[in-house]
Each structure stands twice: as C-alpha cells, then as structure tokens.
Amino acid sequence: GCHTQGSDASDAKAGGTDKVTIMVGGLDKIIYLPAQLTQSLGYFKDQGVDVKLLTQPSGANAENALIAGQVEAVVGFYDHTQVMQAKGKCLESVVQFANVPGEAEMVAAQQADTIKSAADFKGKKAGVTSPGSSTDYLTQYFTAKAGVTTKDYTTVTAGAGQTFISAMQKGGIDAGMTTDPTITTLEQKKAGQVLFDMRTEAGTRKALGGLYPASSLYMSCDYVNQHKETVQKLANAFVKTLGYIHDHSAAEIAAKMPTDMKGGDDTLYTSAMNSSKGMFTTDGKMDGDGAANVLKVLSFANPDLKGKADSIDLSKTYTTQFVDKADSAS
Amino acid sequence: MRPDIAAAVARTRRRHRNHRIQVWLLRLALVVVVLGLWQLATTFWLDPFFYSQPTAIAKKLYVWFTDGTSKGSIWHNIAVTLEEAVLGFVTGSIVGIVLGILLGRARLVAEVISPFIQMANAVPRIILAALFVIWFGLGLESKVATAFILVFFPVFFNSFQGAREVDRNLVNNARILGASRVQVLWSIVVPSATSWILASLHTAFGFALIGAIVGEYTGAEFGMGLLINQAQGTFDTAGIFAGMIIITVIALLAEALLGLLERKLLRWRPPSPSVDTAAV
Amino acid sequence: MPSTAEPIIQLRGATKRFLSGRGDVHVAVSDLDLSIQPGEFIAVVGPTGCGKSTTLSLVSGLEPASDGSVRVAGREVTGIPDRIGYMFQADALMPWRTVLGNVAAGLKWRGDGAEATAKALDWVARVGLKGFENYYPHQLSGGMRKRVALAQVLVTEPHILLMDEPFSALDVQTRSLMQDELLRLWQGSGTAVVFVTHDLEEAITLADRVVVMTASPARIKDIFPIPLARPRQVEELRVQPDFIELYKHIWSCLSDEVAIAREEAARVG
Amino acid sequence: MRPDIAAAVARTRRRHRNHRIQVWLLRLALVVVVLGLWQLATTFWLDPFFYSQPTAIAKKLYVWFTDGTSKGSIWHNIAVTLEEAVLGFVTGSIVGIVLGILLGRARLVAEVISPFIQMANAVPRIILAALFVIWFGLGLESKVATAFILVFFPVFFNSFQGAREVDRNLVNNARILGASRVQVLWSIVVPSATSWILASLHTAFGFALIGAIVGEYTGAEFGMGLLINQAQGTFDTAGIFAGMIIITVIALLAEALLGLLERKLLRWRPPSPSVDTAAV
Amino acid sequence: MPSTAEPIIQLRGATKRFLSGRGDVHVAVSDLDLSIQPGEFIAVVGPTGCGKSTTLSLVSGLEPASDGSVRVAGREVTGIPDRIGYMFQADALMPWRTVLGNVAAGLKWRGDGAEATAKALDWVARVGLKGFENYYPHQLSGGMRKRVALAQVLVTEPHILLMDEPFSALDVQTRSLMQDELLRLWQGSGTAVVFVTHDLEEAITLADRVVVMTASPARIKDIFPIPLARPRQVEELRVQPDFIELYKHIWSCLSDEVAIAREEAARVG
C-alpha cells in the first residue's frame, strides 16, 4: 500500500469525511482498547470521520510521529503531554480514557514472601517496560514514598508481554510493573501476584497517593485549535465508546474485538478485560487532581521535569471542552 | 551424435535427476525430523506458551489464509511487506554495488571515506528506523529506507572487496588493449566481482525483509511486521512463528530467483567437479 | 629494415627496483640503454629471471621506472602509450568471455564495434582456432589459450608490439606457422616489435637485432644485428650457413651469461 | 645498500608518510564540514528536537564522561555492551567461518542445508532478540546470542562462497602432493578464502554491536542500548546521538585492529600498484 | 630400460569426453591403449590441443575417464593414486607461501615434517633458486615459478611422475641443465615418467619411448622406442647420427598430425 501521509490527508475532506490518522502506542494493549473498539463499533464512521489506526510497540516514538506531523493524534499516556511542555512542545489530551495507569506492580511468585510492600524493594530487581517509560517513573515514585531510593534496588528493562513473563519466571526480575493481559497471564501461570493494583482507583491511591490519569487521546495544541470540528467528532465517538464499555460485559466487549487481538485465547482475554474494564472513565473527563499528581510524580523522576514543576501550565496539557460537549450530545 | 555418446549424455541426465531427488528427500526428512522433535518437546517438556507448537502454528496459518487477519487479507499484508522489501532490496543493492565498485577502484577516496562507512555500519538499525519515521513519514518510504540501509552495507562491502580483488593481469591486459577506465570497470571489474556481489545478494533479500519488518514495527497500518508485533503483544506465540514462517518462505522464493540469476551470470565458469563433469 | 627516423622506443639509463619481502631492495633491471626505430623487429634473450618481462612492463607503462627515462614515440612514458600491444607471459584472457569475445574485446573498447566481430573471426581463424569461437578459456588447452591471446593483441593492429614468450607453449610446427604469420603481418606494417624469447633460434630467425641481456640485475650485454635478407622463410633459414654462424656467435655470448646466472644463484644465500 | 638505493628507499618512505597525512587531513576536513553544516542547519532550518545539534551532543557526552549516567558510570555501560559484542563477534565469526568453509567444500550437505540457512537468515532479528530473552533470560547470554546471530550470517555466507571460489588448480596440486582433505582445507581453502572472510569481518563487528544493543533494548540492566533506549523514552535526541557516537567510535577502534590483522594475514599479496610499488 | 614386470600405468580404451558450451559433446581423447612399465620414461608429443594434458589428468585420477579403463599399479584409478607426482602445465603455486614453503609443502603434508625444510632447501638450490627461498611467487619471473613447481614435485620422490611441458618457459641452457638433472635423478630410481612436451628433440633426448598422438580427438598414432644408450648426456646427444635419424623418422609422423590438426581446425565452423 501507498499510504498517504496523515498531515496531507487531514486537510483533504473527501466527500465531507475528515481523514485522521491516529498512532496507538500498542493497539493490542487493553489500556488502549477504546481506539480499536471505536473503530470496530463503527462510531468513527457514524461521526463522519475516516480514521486510520497505526500502531507502535512503545509510546515514546508516537510523540515523535505526532510532532513531526506524521499523524494527527496519539492514543497514549497523558504524562507525555507534560514532558513535552517542558521540551517546549504543546500537546493536549482531549479525551481521557482512564484516570488510573492501568498498570499493576507484580511480584514474582518466589518473592511473594519477601516483598510485601514498597519498602521491601531494597536490594531487589524491579522490572520496567523500558527506561524512561511511565512504568519507570511510577516505580521510582512509589518506592521513594516508602523511603527506598533508586540506588537501593536495580531497575531492569524487561519489556512487555512474554519477555516480562519469562524474566519473572526465571528470576531475571523480582518484581515489575506491567499492564493487562500480562498481569492476568502471570496470575494464571502462578508466576506472579499483584502488589499494587493500579487498574483501580483505590489501588492507585494506595501506591501513589493520588490518581494518575494515563490512557488518553492527545494532539498538538495547534491541531486542536485549527480543527475543532474534527476533534469534536472524535471526542463524540470516543465518549460513546466509553459509555459502551461501561454498559457491556467483558465478554460482550471481547466479542467486538478482532480475533487476532485476543491472541487466540478468548477466556484469558475476557478475564483480563474483566479486571481492567473498571479503570475506564465513562465521560472521558480528566480528573484535575490527578493531573496535578502526575506532575508530582514526574517532577520527582523525570530528568526534564525534575524541580521544574512550577513552570508547567497544567491547563495547557488537557482540555475537557470537547468531552463536555460530547456528553451533552449523547 | 554417435549412439554411445548419446547414451552417455542420457546417463548424465539421469544421474543429475537422481541427485536432485536425493537432495529433496533429505531436505524433506530434515523438516519432518525438526517439526517432529519440536512437537514432541513442546508436548512433554517445554511450555508451548513460550515455544508454541507446529500444530498450533499450522492452525494459525490455516486461519490466516482462509479467514484472513484482523488487518485484512493475509495476502494484502504479504504484498505490503513484499513491496517494501523489494524496493529496499533493489535500491540498496544497486547503490551498494555501484558505490562499492567505484570506491573499490578509487583508492584515495576509499581511504578517506571508509572509516565513515564503517561508522555508519555500526549504527543500530532500530534507532535508524525510528529516525526514518521522523524524516520520511509513516508511509512506504520509511520502511523502504530501513530495508535499504540493511541491504546496502553487506552489498557495499562485498562489492568493494570484489572490486579490489580483481586479477591485475586482466586489468593490465584490458588497459593495454585500449579499454578506458569505464570500460575496465564494466568489462573486467564488474564480471570479476560478480561472485562477490552475488554472495552478498544471497543475504541481502533476507535483510530487506527484516528491514521492512523493523520499519513496520516502528509504526504501520498493514504488513507482516505488524502481524508479528501484534502476536507478540497478545502472547500469541503461534502467531509469531506463523509470521516468521511466511517471511522465511518469501525469502526462499526470492533466493530461488536469485539462484537462477546466478546460474545465468556465471555460466562461463568451469562446472564444479563432483556433480557435473564426471564421465559424460 | 631499421630506418633512421626518430626512435619510437628509447630507454636511457632505465632502472627498475622492487621492494622484496622484508624491506630489502631487489634490482630487476639496471641502466638499460636501447633505441628502437619504427618498424624494427627486436628480439630480447637472456637467462631466465634476468628481467626481460620487467623491461617490457617499463615500455608498456604498466610499471614506472625507478630511475632513468623511458620514452615512447618521443614522449616520456607515464601512462600506457597509444597503439601499443602487449602479449603477456602469463594468462590474461577474460574467463567470462568466449574466444571470440576475448579477441573482439580490444576493437570494441576502442570503438570499432562495427567490424570488431568480422575482424575477430578472421583472426581466430588465422591462429588456427576456427570452430572454437564459442569456447570459454577454461575449455581450451594451454597452447590454444596462448593463440587466443596472440589474436587478441594482433587484431588491434598496434604500432608497437611487445611479446613475452608468445610461442613457448606451441608445438614446433604450429610455432613456425605462427612465426611465418607474424613476419608476414609485420612486414612493411611499420610496427616496432620487441619479442622476448628464450629460444635463440627463434630470436635470430625473426629479428633485425638481437639484444642479449646479462644475468640479474639485467643490463644489456650486447646487441647483434642480424643481416639476413627479408622476407625470410622460417623453415628454410635454419639450415643456412650464415644463420648457423650467427647462432654460434650469439650463443657463446648468451651462454656465458646463463652460466653466470647459475653461479650467482648458487653463491647467494 | 648502495647510497642511491638507500635514497630511493627513503624517498618511498617519505611518499608513504605524505600520503597518510593527506588522507587524515581530508578525513578531518570531512568531519568538520559535516558537523558545521549540521550545526548550521539545526540552528536555522531544522528542529533540533528531532535532529539535535553537535554542541548539544558534545555537552551530553561531556556530562556522561564526567558525571556519569543515570545507569552508573558510562565506562561501565560501555564495558557491558562491549563484552556482549565481543563475545558475540568471536563466537559468531568462528562458527560462521568453520561452518561456511566446511559446507563450502561439502557439496551434498550444502545443497541439503542451504535453503534452511537462507530461511534462518530471513528471520527478523528483533523477533529473535525477544525470543532469546525468553529462552536465555535477561543476562549476558541473550545479548550474546543476538550478537552471534547477526554476526554469523554474513560471515557464514562469505566463508561459504570463499571456500567455493578456490582455484581448482591449487586444490588439485595439493591433492597430488599428498595433502589430505583436512590439509587441503587448512592449507589451500582457508588461505584462499581469507580475503572473503576478512571482508565479512569488516561488517561483522558493527553487527555484533548492533546485536548487543538490540538485545539490551529488549531487556537489560546496563549497556549503551539501554542508555539509547532511555534517551528515546525521554525525547533526549542529543542522548540518542551521543550513544550512537560512542558505539561508532568503538566500531572504528575494532576496525583498526582488524585492519592490522588483515595486513598481517595478507602480507603475501602483491602490493596495490598506485601507492606502494611506484619507483622504490 | 623397460622392464617386463606388470605395467604400473595401463590405459585400455580410455576415452574422455567433455560437455562443451551449449550441450554438445567434445571428445578430447579417445580409445587410448598404453602400458607403461615401472622405471620407464615415456615422452608424449602431439599437436597443440590434441589432448596430452587430458591424458595426464586421467592417469592422475583428477578427471575420471568417460569410458575404458585406467589402471595404476594394478588398481583401477578412482581417486589419486599413491606416490604420484604431477607438474601442471598451468601455474599452481600457493601465492601465500614463499618459495621454500611451497617446495616443503608436499613433504609436510605427507608427514615428513622433520626433514622437509632441509630437503626443500636442497631442492630449491638444485633448481637454481638459492637466495630466493623467501620470495613469494608473485615476485618471481615465469621461468623461476616453473622451477619452483618442479622442485615442489620432485622433492616428494614420486614413483610415477607426470610432467606437462615442464621446461617450456626456460632458456635453452637452463633447460638442458634441468634435463640432465632430471635424468640423473630418474636413473635407477624406478620412477615411471610421463613427460608431455611439444619439443621433439627433448622427447627423444629423454625418453625410452616416444608416444605420438593424433590430432583432436587424440588417439595414439604410433609409439617409437628410443634405443639410445644410457646414461645420456643431453648436450652431446643432439649431434649423434642415430639421434638425427630417429628425429627425422618421428618428425615425419608427427608433422602429418600437426598438418591434419590445422586442416581440421580450418574446416570446422
């Protein structure tokens, strides 16, 4: 295929349909499920937007594609908008899928007796998906809250999915942060168990002392200002999907997803969905305190934001104007 | 032709055919043994979650080829990857061959530039793939660029060395006979370097496929890389292997084409002794 | 046949040294002085390893002289002079071209593409290889390859022809046929020929002057004019008394050198 | 030595030295021009967010080498990556050379096996890297395995071809002189294939480094790949480039060592005409 | 010198065909019948390209016969027979070994490592290359390389010695020295020699029997016993009347063949 580049396509309205390319930081991850689900449910089409979903294994390069103008929007972690502001780039979240990270800190089965709280991380190997990722920052933050510094334990890059599972089974990591369906798989294989469940508000507050809005749809501020109509249509579609998730059972949602994305194991996927589906918001709205909490975490761990919390204007990192309208529309 | 000679020629043909049959049987046997051991091992000792199973992979392939994938028809995904790989292969080989041969004959330029080429060769391609997305966008171009860069280096280095290995007698003779620099390049250096270049092309198409797939990893809408990436994300080990098998089969087909080309280009060679010349 | 025009090849004090193995210097030829007129046929003889091939490579411009001057057609040799032909001692056929392709190569490279094939076919026949036009070099015998190389050079009609033991791999009869052919072609063509051989008979039969080189490092020991009438008939010449006289005379000079070369080799190391 | 010869030798030495100086000056000029253009372009036209800047990279390198990185001393990270790369390089080259040469001389086995090797060569290395982490864990082994697999194929293919290209006259002569199969291999095939093998080794160390880094990307505690990955994760373009520069410098040093080896092994060659033999 | 023992080399109806270029068949040698006794010295002459080298390659086991049988020491030839030496027409020195290394190679390979260097040094001197022990082949002249190849073969003291135009690149004097040396060595050693040459004089000087081959495809036209007394002194032999008689006799046979070969070549294609 000869793919037209997103930036050219966005301005071209073919037969009254807006064309939008969205880069998803892992189309198959359950935390980013609304993207594929909206497509499967046909809500984009209903709104008159022609959406192309691209995928990328790590969220970090997604921003690059966004800033370089290769795509119009990214489905990824909200915290990137803050980091980007520190780098002088304005990005904003327009639909917030979840106010919790959707991650869980897992403890390897062999270490279940020794690691019972953040304070027990001393001298252990803590797995993260990749250095400089949100999992890295969250780990640093919750251990620091328990008085354990990064010097006291080893951070190990363990990837996501099978490499993570294998590392945990083989003792390559003693604990580690990951998302579903890895969490559910680890539990089923009895290779690890949940220490902090940041798929729920309670667990997130326990680990981080507040919410941590993560999975979201964000765009460059310029684009949002210049294409309000299109953004509104996207917001409408996503909010409708969030409603759908709320109103339907895990099995019903799973049935809407392409078989491939479930990895051929329907029951595993459904049970993972079941434990994760609670994290999604119903209205796509950002929790303001949560945004502030994100800044707190980042200004602790991210080298660009360290000690610069004051210089960040949170109001420029997200907007609820579109979801507000979408709510009233539905 | 005298009858005894005709008989001898027929004998040779027969021997060739028998040899080919033998080779294919041995290959088949090898495949069967490997698949059998794999199936056995994953049934009794190894966790198929990590190692998958031939039967599971076969099932996956069956589904892909009958029902299609979540990204549309498998053929479409293959076509996308193939297009990227072929473009990268063609451009990468051509540029590699041309630059390699030219630098191989231009000593001063080669001496000045070669450390930089060595450096460029050591740049990890995954990082480059990320940069290419920024420079060339998410479309075809960035994947072709990744495939290009993977193909370019081995082809370049072999062409370069091949151009330097040319028999000096041949070059001298051609120069005396009135060949210009360009003609020496074209009539002496290129044919001499052919076996070097072909040796690198044997690996190059595999690299082009890898490049296309690495490119698709960095962001794509369709393609085998995407399917594999997705399989990885969903713990679908059978899907990973199924994707790899499709890729390797493509590579084999390309290799077969390349073999034909090689036989054509190197027809002037003395046949290898063991199979071909024995008693016509 | 020597004319009194300006020499077409002129060596003055030409010397060639090689860096051998571990940094020592090997003097291959030293202080050569030799002038060759257009249309002259010079044969060079000398003990093996004395530097005959090296001398040809100096004239051909393939190797630069270490010292002294090498002039061809009045110009100092820096690259390969125009219209020179050089038949190497070693095999230098292109293995990926057929006999015909090899012979036609020179003409095609020089841009005479049109008649190249016709001329090449003619030359393949003249060297007795009709029927082998489409054979590749590896399918030929040693002597056949030499004849292809001969045709390859002669088809380009050079003004200066350097030949390094061209006939040494041929049987006597083929050799005299080739010699006759060479003389016939050369006669009146104005081509200067430098013909290296280890066969003194051959040298005398063909040449206007025979240059005898000394044992390594080669110098020119003596130059013998051969006042035999032309055109010469190779087979008949050998039994003529003048010929035998000349042979004996030059042989005594040459055999001294060969003897020295052997002693030298025995003394070294 | 006669005085005129001594003078001539001295002249040659001088010419060699001048040539070397010239080459280095040209290289330096090239570096300066490229860096200058880069700095200029990123100051006036290009976004340094994507393209970074030589000055920013220099600063980053300075910090790394003085204050260290978030993953400890930069030297430690270099050492980790280097260890993985060297191990992968050594094992990959040895296995590649040995198998390549053996298969190059064993026609039947080669015919049976070669399609499988072609297939293996087309398997994308990032997928393999992930599989290796699963099979061998997060430690040294999985990175060495990735480096190994990247090094193995080019070396194997070149050794294979080199072993097949051996002059048949030489082999025949050796066999007649009484060389056993092993001796022919060792005394004729290996030296003949040396230039083929060395040509592949030139690319191989770069590949070994890439392998180590790809491995570290997939999972690691230390290493240059981790630093680059981290730089990517934090949008630190200068960090990405700084990491790449360190890697390329390592590759260059390795290349210099390899050059020494090459000159030693190929001492028997006639020197190339343009520089070495001209009038001693 | 021929003994009446069992023949050490025996060709019976030996035929060699090649697949040439585009699928046609080229018959190189056809129906050769020849028995050679241990210790016999056989010279093979014939027009160039007739199949002399091919015949040697059949005996050496390097090429299998297409038809007929080739037996060496009473055993059908399938691989390379024991204690055979073969000096190729083409250059086959290892470019990465010095002269000494090349000459010593055969002994080292056969496991006589201990005396290899001493014997090799001796042989390098015998072929007149003292002082060149540490030169690489590319630093030698054509004739010097041939002599290295000669030493390389002879140092292994073969029982059967196949030589393909070994002396054709040497000057006359060096050549007769080499011939003498060869005869001296062979005398009484029991080695069977098959010596291909295009020089009939050389053939008669050296051999017990001279085999004349026909033009392509080669058959054996005639075999001439040479009843000259041994030991022979190469230089003196040439002027003896028996020698000249033999020469004329064999020459008339050979020259017919050469003429046929030329006509053949002219007729084809």
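Every chain is named by a letter (A, B, C, D and E) in the order it is written, and numbering of its residues begins at 1.
As a working rule, contacts are C-beta pairs under 8 Å (C-beta built on N, C-alpha and C of every residue); 3 or more make two chains touch, one makes a residue touch a chain.
All figures in this text were calculated on a predicted structure; none of them were measured in a lab.
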item	value
Connected chain clusters in the absence of chain C	one piece
Length of the shortest touching-chain route, chain A through to chain D	1
Chain pair with the higher count of C-beta pairs in contact (C-D, A-B)	A-B
Furthest chain, CA centroid comparison against chain C	A
CA centroid of chain B to CA centroid of chain E, Å	47
Centre-to-centre distance between chain E and chain C (centres being mean Cα positions), rounded to whole Å	27
Chain centre separation (chain B, chain D; CA means) in Å	20
Whole-Å separation of chain centres (CA-atom averages), chain A against chain E	84
Sequence positions of chain A contacting 2 or more other chains	61, 64, 68, 162, 166
Numbers and ranges of chain C residues touching at least 2 other chains	18, 90-91, 136
Shared interface positions of chain B, touching two or more other chains	50, 130, 134, 217, 232, 270
Chain-to-chain touches, reported pairwise for every pair that qualifies	A-B, A-D, B-C, B-D, B-E, C-D, C-E, D-E
In the complex with chain E, residue positions of chain D that touch it	167, 169-170, 172-180, 183, 187-188, 191, 194, 268-270
Contacting residues of chain E [partner chain C, same complex]	18, 20-22, 26, 45-53, 89-91, 98, 125, 128-136, 139-144, 147, 164-165, 168-175, 177, 198-200, 254-255, 258-259, 261-262, 265-269
Partner chain B, residues of chain A touching it in the complex	1-6, 21, 23, 26-29, 52-57, 61-62, 64-65, 68, 70-71, 160-162, 165-166, 181-182, 185, 189, 258-265, 268-269
Chain C partner contacts - residues on chain D that touch it in the complex	1, 4-5, 8-9, 12, 271, 276-280
Chain C - residues contacting chain D, complex	17-19, 25, 27, 63-67
